[in-house]
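Got a structure here, written out as structure tokens. Questions coming.
Lettered A, B, C, D, E and F in written order, each chain numbered from 1.
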Amino acid sequence: MLEPILAFFKSTGFFALTPGAVVMMGVACILLYLAIVKKFEPLLLVPIAFGVLLTNLPLAGMMAPPILEIKNNMIHTIVPGGLLYYLYQGDCLGIFPPLIFLGVGAMTDFGPLIANPKSLLLGAAAQVGIFLTFIGAISSGLFNAQEAASIGIIGGADGPTAIFLSAKLAPHLLGPIAIAAYSYMAMVPIIQPPIMRLLTTKKERMIRMTQLREVSKKERILFPIIVTVVVSLMVPPAGTLIGMLMLGNLFRESGVVGRLEDTAKNALINIITIFLGVTVGATASAEHFLTVQTLAILGLGVIAFAVGTAGGVLLAKLMNNFLQVPINPLIGSAGVSAVPMAARVSQVVGQKEDPGNFLLMHAMGPNVAGVIGSAVAAGVMLSLFGK
Amino acid sequence: MLEPILAFFKSTGFFALTPGAVVMMGVACILLYLAIVKKFEPLLLVPIAFGVLLTNLPLAGMMAPPILEIKNNMIHTIVPGGLLYYLYQGDCLGIFPPLIFLGVGAMTDFGPLIANPKSLLLGAAAQVGIFLTFIGAISSGLFNAQEAASIGIIGGADGPTAIFLSAKLAPHLLGPIAIAAYSYMAMVPIIQPPIMRLLTTKKERMIRMTQLREVSKKERILFPIIVTVVVSLMVPPAGTLIGMLMLGNLFRESGVVGRLEDTAKNALINIITIFLGVTVGATASAEHFLTVQTLAILGLGVIAFAVGTAGGVLLAKLMNNFLQVPINPLIGSAGVSAVPMAARVSQVVGQKEDPGNFLLMHAMGPNVAGVIGSAVAAGVMLSLFGK
Amino acid sequence: MLEPILAFFKSTGFFALTPGAVVMMGVACILLYLAIVKKFEPLLLVPIAFGVLLTNLPLAGMMAPPILEIKNNMIHTIVPGGLLYYLYQGDCLGIFPPLIFLGVGAMTDFGPLIANPKSLLLGAAAQVGIFLTFIGAISSGLFNAQEAASIGIIGGADGPTAIFLSAKLAPHLLGPIAIAAYSYMAMVPIIQPPIMRLLTTKKERMIRMTQLREVSKKERILFPIIVTVVVSLMVPPAGTLIGMLMLGNLFRESGVVGRLEDTAKNALINIITIFLGVTVGATASAEHFLTVQTLAILGLGVIAFAVGTAGGVLLAKLMNNFLQVPINPLIGSAGVSAVPMAARVSQVVGQKEDPGNFLLMHAMGPNVAGVIGSAVAAGVMLSLFGK
Amino acid sequence: MTISELLAQFANPETIKSLAFTHKLLAGLITTVLGIGITFLALITLQFLISWMARLVNRTAAAAPIKASQPAAAPPRSSATDEQKEHSEQKNDNELVAVITAVIAMKMKTTIDNIVIKNIKKIEDRSPLWNRAGIIEQMNTRL
Amino acid sequence: MTISELLAQFANPETIKSLAFTHKLLAGLITTVLGIGITFLALITLQFLISWMARLVNRTAAAAPIKASQPAAAPPRSSATDEQKEHSEQKNDNELVAVITAVIAMKMKTTIDNIVIKNIKKIEDRSPLWNRAGIIEQMNTRL
Amino acid sequence: MTISELLAQFANPETIKSLAFTHKLLAGLITTVLGIGITFLALITLQFLISWMARLVNRTAAAAPIKASQPAAAPPRSSATDEQKEHSEQKNDNELVAVITAVIAMKMKTTIDNIVIKNIKKIEDRSPLWNRAGIIEQMNTRL
């Protein structure tokens, strides 16, 4: 009777447990702590963290590919793959991030951007973080161009875009990149304010902005169509992300498909968020995550955020040299996206100088422009380095 | 530095833009106008129109199939396909239309049909449009039998049925057929009234009908089971559509699975509607759409609607020769389906002659019978021309 | 003209109807009767019964596999498969049952179990039914080890676990096993009380239990993490089921991802329930269902339930020999799971002796422990007999 | 060429091209007649079965009047016996809404047309068995 | 044949057919003992860990009483320190419902049993960050 | 090596390894300049098109003021002409909520801060055509 007991013990996860897996379970617990107690982007960090936990449980095989047999024009599944393997196909085939964007579009009010199209410049400037980090990653000598592009996109401060790009260019780095992107997005209130204060004078921070004009329904409906056509023509690989974002926004603004808008921004985005989060986390197995590269990614990621913040603020200052009515440079930092956290940071930093200054609505323009901006940047990377 | 800029310009969509694609984007905008401003079946035309837009953006590759490598019993995705390619599998494998029918069944009240089973005859008569249009399409010499059958089914005035059939028989015509079906369904208030007035006398249009009897819960529960068994035995290929329609209706009428009914007619049908609409639209690329065949399809489609309308009205008139209590022939036109628009047309046309005449409830019988009728007709086409 | 009419008649289902199919349609109607009129687990029995009906309609081909052509690294679908074939992949690849568990976890309050961890012993004891039925199935000589394990798991009184295990070990028996599992779960108020009364004295049944302590939020959040790690390490193949159950529970208890909790326990679980139910029913075609094995499965299944019930009650009595504060052995029977029916049975049987005795909350502990217990047992079976 | 052979050639996308126009038309006509015939046959069969079911069910109902209450899930229905009950329920609801609306309108000095109350519901338990697991008190009251 | 060999033959659908009935029964018995043993082992381990976690958490709680408010997401729970607060909230809700119900019932001259109010809710923010993007005023009040 | 060749080698994961560090840096710089350039180009194009659209739409609007009512689906928006209407609607809602809250608070002797009314809704028809099929009376009133 000892034999089968021994065999059983050898089949337990304890026997196959590696120190790396234990460390990763610790990482999962830290992420859960940040998500649940510190409320850092919990909607994605809870599933991601649990995915990290599950993938590092030895022998559970949740990411195992199936064993197939192909003969006589038939495909037979001999041993089914793990649950997370099948769900992960939605990430690596590029299906889930655009569907998330569909829901995001249905939730997003582009009114402040339409009312103030100059916001788009700030949304573009804040993407310099992406490209400078790309150079940084190349310089480190640790990464090839595809990997460097995926790391740079962390500076886009946009989870689905980062996942979409790195799933296509560097799927082996998906775990650390997604974790860095969402963690830093949650830490925007810590990362941005010192940079914003450093680069602006008190007088600049106190600039008040005039109220935004009302935007008509017709403009709101034309906006998603124009953006889709223009961006897709200029940067075709950005078409999928932008197209879905704008389709969701058209659901919202057309006012005639309330059912679809509702489902896109609730049931559908929630289901996809669960699947995407858990499977993105599940790519962070110990052998993929506990590497020098991960440390470099975490370091480069925070630089990307900082440079993007600075880019937005500095362009706003530059624009003030040419504009008759000056803009408050604090809204430039919102261009990184990280919607709506970065816009709230602009508001808070502004109000510290002048409690009667309401920048939030003005900051929402660059904020949503940053979403378009990072999708464009991702499209550029795809057209340069994609297969 | 000029070289890469030139290379970039060559990679933009502008460089690859064809006149056809521009025309198709115009078509997409017209469809959006009809859907949003004119409120023509917006729940499907908005996604379809946006799908037309997306698929005609050059180089965006949203309908591109993946590049695979199959060796050693493993299937590797070398380059993932486009988002819409993957979603489109739900159309061309026949998965989405029956799931739409599941939701439709959960929304549909078959009570008026059960109370007046003679409605089924009118629902059958209105399907003659399908078959006469089939002959017309054959006579045109432009289409083979499979294509002609798919065109005829436009006369069924039932979007999911049309998509289900043409995805199986003539997937290359899916775009124009679906667009014709939904456009004409929305135009039923324009197409039907002249035909109805032409074929009826004022006296006939003023016939009042007695109130329908109450239908017991037991009948309502037995109805979907009986319809499923009878239709599937007589026309097995119609089983999938009718089976799902009736399962949804059983969810509704059984009263014990409210959760499932709710999801079938909300979250699930909405998700599928988004995917189906966008991907159906995405089959309408310029090279597939801008053909003589499309013009023929649009022409034949409107004939199919007109003939179906006439068929229903004329059979109602014929039946009045045999019935003791006459029926108002205006309810015959509702048999084309286009639920509930066609039934409302019967009501409106009737009320024009006699404002106190309420035909709506009576017209709902042939109206829902028409759904069953066109699914049966699709089943016949599949058994004759399917692989 | 006679020829094609004859050909049509040969293509109808009437021509291909077998006596077995007629019997199975009768079985489907009985199941619908039990689900709708008797309200036996309608959420699963309505879809299952309808699936049985659909799969036995001849020539409708809803479970037909597709015909493919594989060449030059391309996979072409020559003839698409049936709707239910595609949905069934979610069962046989093990995707749907864990997703059901995700929703179940989001619905389940593990508080009573955390407050009284001794419940876990009762939840373990009630699984003896699984293993003794396994022996019984082996002894019958009709089944191999994989089949016997799948039959035993009926005693786990947990539908998704039974489907998960038998889809992996004995997919050809999935239909009868799932039908037996859900039918007997609904019949728990009939099966359990006589056994509970037989094995307990009136005095034992009158034991009152002290109120459960309050459970803190921290414990509730740690619980799913601990259970996932411990169970997955000890019995890795149970990781998928337990992991998803606990992820759902973490959604619920963390309090920061209400959107995901809501979707997991509503839209997502409902969609999966419809697909799972219909396709599980669809495995019960006449040739697979009308066998001696099915009769044996139905017989062994009820034995499994009875033995599990006895196991829980007897261990509770045994534990009373060692505990200072005795527990009411009636809560032991709730360990079979069949949540929350079995716990309510404990309550009702207890109240018959002493109307002032409220056992329900105490019975919920073993009840939810039984879910964990049967997932562990399924994991053991998988690690012993899985591929 | 027999009719079957003609139809077979007609149904095959490869061979249809070689058919003469009159042959194609003939095959199309046969298909049309067949198709209309089968569609009518199927729906007439349904018509008779449903009429027959109605007679059966209602005969049973007349013999032993059912008192089962109707679920709220399917509002616009009622068998003869349930009609009155449903009617009065409906009336109750309407009264309730009317009273609340009137009170609010009075307080606000607005017109009733601007106020719609959508949210007064009778309890209807659609929660699954699983869901009820947590609602322990509620369960107690039912057992 | 060792036990391991027996179990291996037993687990293989091909080779199990060649086993004698007594061998199959023996293998089945070993499986049963092993299975029950592992199930108990796993659940007993859990029992100890959960008891231990409870001691740890509650010791910490006693040392430094937590004042964190409990989210509305999980109604029927409360730690010792939160109990009173929750209780009074619950009471408030009940009172609120009771008052409204009574007023309506009085106005309608109906009995309270026919009225169920399901719709008075405390604000609970479950909207994602994204969602809040549009609700600008609300955000202002929070910052 | 031309710039195009350099970029091609840089983009290929196989050949990038053989590039010298300075070459890699140069290729990275070109990529950066190109990327920033294209991103700005795209967003500036958008900026001009959106400004131009605004001028077009608002010129048309000035010529023929639109009276289309705005759907409730997107609350915080209003064109110049719709502003007042929307504003008064908003005000109505707020008043309604305020009145009901006050009444309840008075009856309960609690503070208004504890009560949030989320459930008074104007009718908004989001049901699909299909859905309305069953709601026969409602349809009558519309035709």
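Everything that follows uses one rule, which is that a residue touches a chain if its C-beta (ideal position, glycine included) is under 8 Å from a C-beta of that chain, and two chains touch if they have at least 3 such contacts.
The structure presented is a predicted model; accordingly, all values stated were derived computationally and were not measured.
Asker: Among all chains, whose Cα centre is located farthest from the one for chain A?
Answerer: The most distant chain relative to chain A turns out to be D.
Asker: Between B-D and A-E, flag the pair that has more C-beta pairs in contact.
Answerer: By number of C-beta pairs in contact, B-D is the larger.
Asker: Round to the nearest whole Å and give the separation of the Cα centres of chain B and chain F.
Answerer: 31
Asker: I'd like the Å distance between the centres of chain B and chain E, where a centre is the mean of that chain's Cα atoms.
Answerer: The mean C-alpha positions of chain B and chain E differ by 44 Å.
Asker: Express in whole angstrom the distance between the two chain centres, defined as the mean CA positions of chain A and chain B.
Answerer: The computed centroid separation for chain A versus chain B comes out at 39 Å.
Asker: Among the residues of chain D, which ones contact at least 2 other chains?
Answerer: 7, 34, 38, 76, 119, 128, 134, 136
Asker: Identify all positions of chain A at which a residue touches two or more other chains, and write them in rising order.
Answerer: 8, 43, 70, 75, 109, 234-235, 255-256, 259, 262, 267, in rising order.
Asker: Which residues of chain E touch chain A in the complex?
Answerer: 2-4, 7, 30, 33-34, 38, 128-134, 136, 139-140, 143
Asker: Which residues, counting only chain B, touch chain A once they are in their complex?
Answerer: Those residues of chain B that touch chain A are 8, 11-14, 17, 25, 29, 32, 35-36, 39, 42-43, 46-47, 50, 53-54, 57-62, 66, 70, 73-75, 77-83, 86-87, 266-267, 270-271, 273-274, 278.
Asker: Spell out the residues on chain A that touch chain E in their complex, using ranges where they run on.
Answerer: My answer: residues 1, 3-5, 7-8, 41, 43, 104, 107-109, 265, 339-341, 343-344, 347-348, 351, 358, 360-361, 364, 367-368.
Asker: Can you list the chain E residues touching chain C in their complex?
Answerer: For chain E paired with chain C, touching residues are 7, 10-11, 13, 16-17, 21, 24-25, 27-29, 31-32, 34-36, 38-51, 53-54, 57-58, 61, 66, 68, 70-71, 73-74, 76-80, 83, 124, 126-128.
Asker: Which bits of chain C are touching chain A when the two form their complex?
Answerer: The contact residues of chain C facing chain A are 67-70, 75, 92-95, 98, 102, 168, 221, 225, 228-229, 232-237, 239-240, 243-244, 247, 250-251, 254-257, 259-260, 262-264, 267-268, 383, 387.
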